[in-house]
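Naming follows writing order (A, B and C), and every chain is counted from residue 1.
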Amino acid sequence: MDAVTGWWDDYFWGSMVVLQVFIFSLLLMVLFGLIGAAAKLSDNRVAQKISAAYTVIFRGTPEILVILLLYFGSAIFLTSVAQVFNPEIKFVDVPPMWAGTFAIALIVGSYATETFRGAFLGVKPGSIEAARALGMSNLQTFVFIRIPEMWRLALPAFGNHMLSLIKDTALISIIGLNETFFVAKQAIGTTGEPFTMYIVVGAIYLGFSTIITLTVMGLEKFGLRTTEGAR
Amino acid sequence: MIFDLSLIADSIPKMLAGIGITFQLMALSAFLGLILAVILLLMRISGKWYLSWPAQVHIYVFRGTPILVQIFIIYYGFPQFEFIRESIFWPILREPFGCAVVALSLNTGAYVSEILRGGVLGVDRGVLEAGSALGLSARHKFIYLTTPIAARLALPAYSNDFISLMKATSLASTITLMDMTGIARTIVAQTFAPYEIFISLAIIYMVLTWGIQKTFGRIEKYLSRYVKP
Amino acid sequence: MTNSASETLIEMQNVDKFFGTFQALKNINLEVKRGEKIVVCGPSGSGKSTMIRCINRLEKHDQGHIIIAGKELTDDVKDIDAVRREVGMVFQSFNLFPHMTIVKNLMLAQRLVRKINKVEARETAMHFLERVKIAEQAEKYPVQLSGGQQQRVAIARALCMKPEIILFDEPTSALDPEMINEVLEVMTDLAKEGMTMICVTHEMGFARSVADRVIFMDAGEIVEEAEPEEFFKNPRNERTKKFLSQILTH
C-alpha cells in the first residue's frame, strides 16, 4: 500500500471527476426519464412509439457500445458540420466527459422511464379524488399530492438507478475520461503495482455506492414517516 | 451523412465471428454465477454469522463496484502477486477469457443471490407452516416447497440479470478479448466508421436481448401454469 | 397406543405463551380424550390460534407442559416430528402447495414423512379425495379450485397422514357463504367417524350439533368451558354472554 502514497491527490481529483459526471448525468437522467414517462403516458401514438423504441434500444444494447457510438459518432457528426463552414477543419474533438455523461444518462434514463411511469400509475386515484374534493386545483393536486406520492413509490428503484449511474461512469474511462481509472493507469506505470492501484479505484467506487445507498435509506425512512403521519 | 451499406454488409459477418465468444462468456458465467448465487444464498440464510457475513460482504462489494474494476483487478491486478502466478489457477487467470469468466461469474453471482433471496422471502409463510404441520423436515421443506416456489418468483428478475450479463460480456473487449465488441472496435479503428459498425452491432445485441426475453417468457409461462386459472 | 375411549390424547397443563413481553396465553389447562370434539371460540386476538398452534409446535410454549398422545413437547426434534405425525392441521387460508397438483399435494408428505411408495400414496390420496367428494379435480392445480374445494383438499391432505387428531383454525372464515356448508359437512362426517378434533370456529350451528365441549377464550385465558347446550343456554361468565349476544344477533 506504500506505493499509493503520492497518488492520493490524483485519486482525489479523479474522484471529483466521477462526482461531476455523476451529478450532471443524474440531472439529465431524471430529465430523460420524465420525458420518456410523459411520452409513454401521453395519448399521442407517435410519442408512445418513440418512447417505447427509446427503452428497447437502450436496454438492449451494451452500455459500452452506447458510449463508443456517442463519442465517435458525435465527433464525426460535428466534424462534418464544422467542415460545411470551414473546410480547413480536419477533426472536431468532443470531450469524452460530455459524450460519456450524455450516454450514461440516456442509458439509465431508459430504465428511469419505466420507474417514473410505474410511480405515476401507482398513485391511488383515491388520494387524487380526495384532494379534488377538498377543493384543491389541478396544479395544487399535482404538486402537493401526486409528486410526493410518486416520489415515495419511485425512490427504491431510483436509488438503483443512481447506483447504475455511478458505476457506469467507470465505462467512460474507455473513451479517455481522466477519472480514477486514468490515475490508476498512470500510477501503475511508475509503481508497477496494478492490484494496489485498481483496488483503490474499487474502494472509491464502493465509497460512492455506500453514500448513495445510505442516502436512499435515509430518504426512504423520511418518506415513510411523512406518509404514516398523514394517515 | 450517408451510411456505407457495403461496409455494413462486410463487417456484420466479421463481427458475428465473435458471437461464439460472447455466448461462451455468457453461458459459462451464467452457470458458474448461478452456482455461486445459490451458495451465497445458503450462506446468508444459514443463520450462522461466520457464513452469512462473508456472503454479505461479497454481495456488497461486487454490487457496489463497477464490473470494469472487477475485470481489471483480476486481469491486470492479480499477476502482481507471485503466489497467484504460481498457483493452480494461473492457467485460468493468465488468459483474458478466464479472467472475464471469473469476473463476470463473481459479479452476476452477487446479483443473482439477492434475486434468489427475494424469491425465498416471497414464499408464503402459510405454505411452509402447512409443510411443518404435515411433518416435513426443514430440509424437505426447502427442497420441495421453498425452492420451486422461490424459483418461479425470482424468474422475471433473473431474466433481467441475464440480459445485463449478456451486455456485460462486451466489457471483455477491454482486456483484449475478441468478442463481437472487440472485433467491432478493431474495425472502427481501421475504417473510422463508428455509425455503421456500432449501430449494426447494437442491433445484433438487441436481437440477442429479444431472444433471451422470449426464452425466459416461455419458461415463465410454463412455470406459471399454476398461478392463474 | 391403546384404543380405550377414555384415553387422554391432548393434555395442556398451566401453559403460558409470550410474544416478546405480550402474554398471548395465560395458564391454559385443557384435556382432550380420544374421540372428543372441542369447539373453541372467542373474540379476535384472544389466543385461539396460538393455543392450537402450540399443540403441534407451530408455536413454542414458554411455560407448562403439553403432552400429545403420551409424548411431551420439548425442544427434542424427534418428539416434535412424532407429534406432528399424529396431529393434522387445517388452516383458515388453506395453504395448499400452489405449485403441485391436488393429488401431488396429498402425496408429498406421505412419501417424505411416512416413506410410502408412489403407488400406495396415490391410492391413499385418491381415497381421501373421494371422501371429500373431489376426486375428479385430482390433476388440477389449487388456483383452479374454488375456496370450498381447496379447503376440502386441505382436509383430505391432513387425513392422508392418518392422524389421531385434527386441528382446525377457522376453516370456514375465508370462504364465501355458499361454500361454508360443503366444508362443514365434511367436518361433521369426520366427527361422526370418531375423529378427535379441536376446532376454532364461530359457526355456532356446527358447535351445537357436533361439539362435546365448547371453550370460550378471552385475553389469552380459557374463560368458560361447557357442553354446548349449557354453553349457549346458560353462559356463566359476563364476557361469554357479551360475546354470544354479539355473535348470535348477526
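We take it that a contact is a pair of C-beta atoms (placed from the backbone, for glycine too) under 8 Å apart; a residue touches a chain by one contact, two chains touch by 3 or more.
Every value quoted in this text rests on a predicted model; they were computed, and no experiment measured them.
Student: Going by C-alpha centres, which chain would you call the most central?
Tutor: B
Student: Could you tell me which pair, B-C or A-B, is linked by more C-beta pairs in contact?
Tutor: More contacting C-beta pairs are found at A-B.
Student: Centre to centre, by mean C-alpha position, how many angstrom separate chain A and chain C?
Tutor: The answer is 56 Å.
Student: Averaging only over C-alpha atoms, locate the centres of chain A and chain B and give their separation in whole Å.
Tutor: The mean C-alpha positions of chain A and chain B differ by 22 Å.
Student: Between chain B and chain C, what's the gap in Å when you average each chain's C-alpha atoms?
Tutor: Here chain B and chain C have centroids separated by 47 Å.
Student: Applying the document's contact rule, which stretches of chain C touch chain B when the two form their complex?
Tutor: Per the stated touch rule, the residues are 56, 58, 81, 84-85, 87-89, 91, 93, 95-100, 108-109, 112-113, 141-144, 154, 157-158, 161.
Student: In their shared complex, at which residues does chain B touch chain C?
Tutor: 124, 126-127, 129-137, 140, 144-145, 148-149, 152, 225-229
Student: List the residues on chain B that touch chain A in their complex, please.
Tutor: 1, 60-61, 63-70, 72-73, 76-81, 163, 167-171, 173-174, 181, 184-185, 188, 192, 194-195, 198-199, 201-202, 205-206, 208-210
Student: Residues of chain A touching chain B in their complex?
Tutor: Chain A reaches chain B through residues 56-57, 59-66, 68-69, 72-73, 76-77, 80, 163, 167-171, 173-174, 181, 184, 188, 192-199, 201-202, 205-206, 209-210, 213.
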